[in-house]
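Chains here go by letter, A, B and C, matching the order in which they are written, and residues are numbered from 1 within each.
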């Protein structure tokens, strides 16, 4: 897998999303709950805007000094008995991990939920190396069994209902129980417990690496990341290079923002910081620890006007606030990173060729920007993408370009504008019935396919105003 | 074998980042700036220990955790009651001097015939994990307790394995009142100071907030997924 | 107080009553209002579509048209928020940067101007009916004008204001989004229409004609008879 998840064309993906009633219902109710949770937590703090400000300052400072903090991190990890590998590409990262698996002759690998390993397609590489890979986050496990990509970065199986899950469990794992979530989860617990205990290697992502001590912070509710890092003898953490903070003090602030913004919790059930390999005489934890720091296109974002997109802490608050996501679901974005943040970073990571529609899949309502706990101006980034698509990539449709050329002339020449103000209504005349158009011509068609177009009678305001002044009713206003 | 403690491909990687940032590599001399706002220090700033206990108690309801409060004298009976509620027969706990201090060793000794108690012993190696996996109850002492979020912080080490709080079916945390702080800020500052003073942070620090849970199936909250399915906190005055 | 009216191109050309009502409210409250004839469009259709070069031309025209104005007031949160973006758009442009800053500092959405500048919370109007208010995204999020229209509406005699469920949601207009992503837009506006119906209000009030013609057009297509009114109409009814 890569960032891109398939080959279905954009319009078809949108239709698939819109037609999926269960998914839309599930997304809508999840969004409502997540949003309420976030707002309740924000209100409880009372000074949420200060928290967001602090979060954004921390992220900005860290990105500005990313080389310094990654250097410090790697020194500390090594000092605490860990290995660090810097991978410029997905291939380099996968190759490194594959070699560990081969050298260890590992048969079973358990993974904790990690978006970056989805991004680089690590599971395929692990299987090529001959290991069985088990995703241990409940949602990820369901998707893995069903060979389905995630549709949300926090609750990846949001689009699946319990009947589908039961069917998957029964087909792939011989499950015979009911479709109550409790029973399904208990089955997963029992199955995965055996995998944890038998695993040779554990692989995790990373919420926040702490540069000062070389620690890796993992945030979960299920406790699976704890299993993955405590039981196998070898643990590998794969992190996107931007997932780092200077010290424990900043980690704490960002975790507080993350858990509130993501799921409306003050903290999740398990927040764990692991540092290097286990110490002398320690039983739990890895004998061998590897940290893989992945670039895979991120450095193309650094130093550009999109740099703040790297501030993202993967909380999905923007996804949960997005009305477009609500109606089309995650898969419509054709990226493992859906929603507003996905529409921003997917074209940055993989280019515009396959993802040029994404920046337009937004009304620019800015609900995302408002929700973001680290103040990434997401809707502004979408506009920036559109500028690049028009100006640099030259991928805008010809009709639109002509229209915009027309706009330029019209809006910068008051004489043309005046003329249009006079002519607009008469020109629309033939289509107007009862001050409305139901079947509009040309560019109005797409509009009137969905809704009526209102055309009240009467002259333009400027003509009325001129008349009013002429008639001397303007209470002494001077002619402009 | 992959060679131990290697840092690979770093220089080219970080040089490239410095170049994209349009400057020379930074290896030293970077200080955290003074942040324009620091709201984290404002939370429950003026609360007394007793008020923090109240806040903790209140939040335990949200995190599906039973809250109990007692004093040293009452501890063993509250502990007994909690173990009974969990139908606990087998218990695993850390090797911690506080067990002696709080009379817990004595209590377990007296209950030897009813309760099978294992004290974490590094000499037994992975056997400890097996015992933890089949234990009914994992018993720990909180090192730092976060009132705001209802969180027990554990500094794991050779005598206090991570498995104790993770593998057994249920989880009991004994919380000396003195370990209560307002929120994660204070715990993080403590660890940061440790690091600054050249002390190694523990290889594993757990912030545990109630039992494990998941909402991955149709957003239904299921309490008890991979970790313990039930949790009780006992605050000791 | 001297005020220059920015009608917005939409109200100028299609919905003249909105601009008339704005003008009359301002005059009634003692402002001397002029209407610079050089004004055209804020530039948002081009800017939001990624046509920066084209957008800048209309923005320059706007700055020229209003260069002598003290206050620039208009009946659209969205258009005003675009005007407020000019300093950002022209940042680093030696010729226009300062001009853009000065210009932006003079711009106000009408309800914002009434409440924050004129300090008027009751315009003395009467309007009988059950109304619900759609707060437009750009007005509340980009301009930060949230409470002002509600304060004014609540003080209109005869108005019964009911909260619109999921008020924070976008109506699905989004300028060219409505035609570029018509299928998604349809779902969004249909949802908004459902929420409006749930309130059983007779009137849907808003402060942005863009949103109102989207929601109103959809509700009309669905055969619902909720009346769509711009807030200035209510504030200018005696």
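Following the convention adopted for this analysis, a contact is a pair of C-beta atoms (placed from the backbone, for glycine too) under 8 Å apart; a residue touches a chain by one contact, two chains touch by 3 or more.
All values reported here derive from a predicted model rather than from experimental measurement.
Asker: I'd like the most central chain, judged by C-alpha centroids against the all-protein C-alpha centroid.
Answerer: A
Asker: Using the touch rule from the top, point out the two chains with the most contacting C-beta pairs.
Answerer: That would be the chain pair A-B.
Asker: When the C-alpha atoms of chain A and chain C are each averaged to a single point, how far apart are the two points in Å?
Answerer: 31
Asker: So what's the Cα centroid distance for chain B and chain C, whole Å?
Answerer: Whole-Å distance between the two chain centres: 53.
Asker: For a test of understanding, state which residues of chain A touch chain B in their complex under the given definition.
Answerer: Chain A reaches chain B through residues 26, 29-30, 33, 45, 47, 50-51, 53-54, 57-58, 61, 64-71, 74-75, 78, 80-88, 92, 96, 99-100, 103, 136-139, 142, 155-158, 161-162, 165, 181-182, 184-186, 188-189, 192-193, 196-197, 212-213, 215, 221-224, 226-227, 229-231, 241, 246-253, 255-256, 263, 265-285, 288, 290, 293, 295, 299-300, 302-303.
Asker: Considering only the defined contacts, which chain A positions touch chain C in the complex?
Answerer: Residues 11, 14-15, 18, 323-324, 327-328, 360-367, 369-370, 383, 385-391, 396, 400, 404-405, 407-408, 410-414, 417-418, 420-421, 424-425, 436, 438, 443, 446-447, 449-456, 458-462, 464-465, 475-478, 480 of chain A touch chain C in their complex.
Asker: In the complex of these two chains, what residues of chain B are touching chain A?
Answerer: 1-10, 12-18, 20-22, 25-28, 30, 32-33, 35-40, 42-43, 59, 62-63, 120, 122, 124-126, 128-129, 133, 146, 148-151, 156-158, 161-163, 166, 183-185, 187-189, 191-192, 195-196, 200-220, 222, 224-228
Asker: So in the complex, which bits of chain C are touching chain A?
Answerer: Going through chain C, the ones touching chain A are 7, 9, 11-17, 19-20, 23, 27, 32-41, 43, 45-54, 57-58, 60-61, 65, 137-138, 141-142, 168-170, 172-189, 191, 213-214, 216-218, 220-221, 228.
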